[in-house]
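Chain nomenclature is as follows: A, B, C, D, E and F, assigned in order of appearance, with residue numbering initiated at 1 for each chain independently.
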């Protein structure tokens, strides 16, 4: 069992993807939870402050990932590719890299991973259907397919080795909604932090899949199956509704980015080389 | 795609049944949504004010319905018979009339209908069972059967022609609850307006069935399947609970108006001629 | 409780639509079940033989239907319109006529109806999905919508008055499959007779919905919910598979008659007058 | 139908287990509901005050239970054993005693029972799974098994004789949560009183199973199926979360009291006599 | 793990209720499975033949049950009361006795029990509804309630101690169907033996609930959830259908023995002393 | 739409993995379906006979896969790794290779793929639970995870581009069952051929998931959701049951290869390099 020294709950947390949008935000917010936060990214990030360790790491580098995980109590895995890209790019980071991570987690005896999955694993469900965590997967692109892989891989490591994972099917986590679709998919930063906190601190999570979304008026995702996490969003896209008034302009039935939940991801891929 | 001119979201909305209880109320409330609101009823109603057109129309008159729908962007269909009556009366208005309407909507290229269905399509479920939008229908009278017809007809026009409909299974929409049963079924006027607004402005609705009910303490109807509409009731029958104290008088098992959700509708029909 | 005189189980059965394809076939086969079989149709049919009564009757004629049902123990309702037609034609026979029938059944104290519904109440489900009796209705035309009405009306008469109905969602009941689609939807005459027998003789049926289909290799319809009827088809379209070889010609995704179960009904309607 | 005299809704309510933790609390709170509250326990309790009757009664004593129920309008059954004990002890009170109670209720013509069942009927579901009232039972001990018996027995008396029962699957009802697990299972006294009020005053309850739990952040139990009771908890364990901080100490996969919802009950039994 | 000596799969099987109808039949049929079959009953039964041990035993006698289970590899529990009786009688045998049995099974380290439960645990479902092993229980009498207890108790012993049980919800197991209802509920002796064989020999059964019914034309019970047992009935009540022709005599809606699956059990209890 | 020349239904079928166990068997059996069968494998296979083309191809070689698919009407994809191996090996063939295949299928305008998925995508369900095609995935190893990837990828290509895939979750397809577990998972060669035939010739399949298993007595997999394929297995492991008698040797609760469906795959991986 993971033990915290002194006053902080954890000794060392690993945050991957620490240079990304969510990683940068989380970097500040998770400090109170651990004596040391180890931060990794494939690119350079701001140098380590007090209580921080910075490690540049390509997840596709097996030995590097093994080194990265030394002495870690739990992993917040926000690394990898988070947009449509060529298959090789996504495979390198999100498939090979993820396997490296779980291999290392297993060998190191790490007990829990918070995995940034994505709502794009169900992006091909219509915007007129409410889905829960148990519906068959319908990814909306190669990126989404790679997250399906991640959910399956982490399920296996739980069933086989008892390594707990919370898969966060994150919607649109930005400071503010940027378009009308995000009035539905918005996950406020504060709510993401709270969701990560729940995922990290709940005494037992097994292999849990949960949608990462604020308390927005329109809901496509039903989180009942993850009520044992105790996540209660405090923010809502309601406050931003006026910026994207519905008008009388309905979606065209031929516009798949409006008909399916994935939105613009639907037409972003697949990206074939040359 | 429907386009609004100038500042209002829609150019012309058609409200049928404009002389009924709900129609009269909606007449005032929907003005901000359209340059012109066309109002129809089988009987005389208050003359047209600014931004209004008044058309007397029997829905059973095919040509009249065809004329009624000219230049219309969307239909709020609150017309027809809303109580138990002879079969012929209900058939004329709610079956023949509804077909006339959808035929016209199709021929006119109108894209969306808000259809006042009724909770009486499931009125024969017991008051001790919570139902959602997917349970098999159990109408509680001929009126309820005519609404089952309407839900099926509108589903067909969606599947075949892509005409979107939101079926509102309205509970009891009055200014205030009028009896103990309405503490459960109450839909405040404000909430009905909000529900119509959601149904009208949501960019895509497909064929959605939703219960029209305020946030009352006792719930028979589970609206999860329609969470994509973003309807959030703001009112509750809670405020009126004191008027109809439960006392110690339980319902008698032989009183079907208490045993089944439909209440007094259960014994109101069928009405046979002579 | 219905009582048979002498050796036959029922005294008088009413078969409506006795001049139609199924009616003509059933006329011969149901004789052993009743002392008297009353046969009705809107058009002339072969004159009554021994143990038969022939009554010409328009179901839209209320008084005629009332007369038709006198002295009847149970109704096999195969009358009405069974193809796409103008709405008025279908409404007259399948909606108004059906209500006349149930009004008469109620007033006469008749206890059971076998109702020829249709698989076209779910014809808009894809041919790649297996459906059961509890899925929400998706009719594939006005004819299908009229059958949705019939299922709802009969449910009401059961819930309200205890009149039992078995709704037969008949596929394609001909002597032999006539095209590739019917390899799936085929209901052999013998199997229809057996299904009607089960529906008529099972001691209690409540309001049961069952698909009428033989034991064909490909199945779109799951009859588990009606296993209490004891219907076991003995025939299969397998024997006719060679007539309609699949070849390498797959269905085109744009051909809705192949994508949805309803087949040619999907494009047969709606039929608008003039 | 039960009738109240004068101003109070009921004439006489029977509260069994009136000397237990919940009984003592309820004794004060239910006074406004009845002219007379009859209080029973197997041990001595505080003497009757105004509007109270105190009867010492062993539920295993058939004649005593028959006497206990005379003149009673409704029963709040909180008596019996509420912890793991030897099988004989539990059987005497919770099985034999409960049958005595329902036999008496039936013979006396009493119409409704509020039955203190327990969340321990599902205590063997994992803490990572959310369950509703319809999941198959998985009791976590002999006590839980005895409550399964009670739910089945009361169901039978409803189906057979129409005696209504609300089974309250109570979590942890104390003044305050006493450990981290109770942050999930906590039912505040006020909320218990409100739940009992709903169960007692709802005009019709049939045989309803509901979880007794406050509005805590973490939820294992989904109460949708009992929404017809109108129970809305006002309290939450949230206020006590700081007392039991999660720390970084996750549950060990081998610790069944953490892996399953029943917690310490899981290892408390069965208790075999020497 | 249980080991057979020589050629027979088990060394010693215990058959309780060996003097009952099913016990007497099974006594002969299970001989090939064990070197020794220990036979018990509360009353005298035929003396032990070769490979048999006969023990008279009241299941309510704790020490006797402990002795009875010595050296046993698996238990076929067909003992106890199998009809409606006074509560005390049923409790003594089916509740207290069953607990004695599981206590002994646990203490002796016996790994598997085949438990004769009963279809009467769901006897209050209507004869027009098909149920599976996961529906909430609706017992049709005190006997049925005692079998609900048994299913819950055995579930607990599996969850807590890993003792495997197959609960057989037996229909009507006689040599032949004795009335029209048994055309539905009939379980031929050969099929019962085969079901017991599957339950006993399947390498792993966990806690399985299965209906014990032959391949009859009419089915109320859906055994899909127990397909892992591999039970394939070879007999059918079909062969006996002519003895109980349906005639035209439908069940009366007021006759609960026809409306609900439990049949005559529905009105057989509860039996109150004096 | 694919068109056959002359008498054979297809012009050219591509069979990948033609040198594997199933590929070698299929090579002979699929000849009647196409003028030309193109056979590929990563290793040398028997030279092309009449109506055959043999192409050696590493699926991880993008250009080679593009060339391989030229002029192909449909793909039977049995290539890739079919046992536990190092992650890199599996990724190269089953993930990168599969993407190459779908990229080529898309670019070539090929309409349908028969994909050899595996029952190991659900191998971590217990052997006491029956699962259907819609349960959440629980792979039992890296091989199983790679098949989860394949099911997700093919779903995406269907949703996005309409490329139809039938995913065959094949059990154990050998000439005969080789151990007791295969009495459950056995798929006879003839049945596999028939299943492939159904998958290939059914006019429309969308994205269908089906279990590939013969009509064995014990069933873990419920194929109802794929009944539209018309697959009817003709063989059964029943014929081989005597070779693997159950004896009295039950599975040990600690033996995960007996507790979960995946059997020996459960402990075969993951295989870490060095």
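Note that a residue touches a chain if its C-beta (ideal position, glycine included) is under 8 Å from a C-beta of that chain, and two chains touch if they have at least 3 such contacts.
In UniProt terms, the chains line up like this: A, B, C, D, E, F = NAD-dependent epimerase/dehydratase family protein.
Computed from a predicted model, the values in this text were never measured in an experiment.
Colleague: Please give the intersection of the contact partners of subunit B with those of subunit F.
Modeller: Output, common partners of subunit B and subunit F: A, C.
Colleague: Subunit C-subunit E contact: same residues or different, taking over half shared as same?
Modeller: Copies use mostly different positions to touch.
Colleague: With chain centres defined as C-alpha means, what is the inter-centre distance between subunit C and subunit D in Å?
Modeller: Those two chain centres are 51 Å apart.
Colleague: Suppose each chain is reduced to the average of its Cα coordinates; what separation in Å results between subunit C and subunit F?
Modeller: A distance of 41 Å separates the two centres.
Colleague: Taking the mean of the CA coordinates per chain, how far is subunit B from subunit C in Å?
Modeller: 32
Colleague: Can you work out from the touch definition every pair of chains that touches here?
Modeller: Inter-chain contacts occur between A-B, A-D, A-F, B-C, B-D, C-E, C-F, D-E, E-F.
Colleague: Given the complex with subunit E, which residues does subunit F contribute to the contact?
Modeller: These residues of subunit F touch subunit E: 126-130, 180, 184, 216-220, 222, 245-253, 258-259.
Colleague: In the complex, go through subunit E and note every residue touching subunit F.
Modeller: 1-4, 9-11, 33, 73-74, 111-112, 162, 164, 201-208, 224-230, 232
Colleague: Which part of subunit F faces subunit A closely enough to touch in the complex?
Modeller: Residues 62, 87-88, 91, 95-96, 99, 103, 107, 121, 124, 134, 136-142, 144-145, 148-149, 152-153, 155-156, 159-160, 260, 266, 270, 272-273 of subunit F touch subunit A in their complex.
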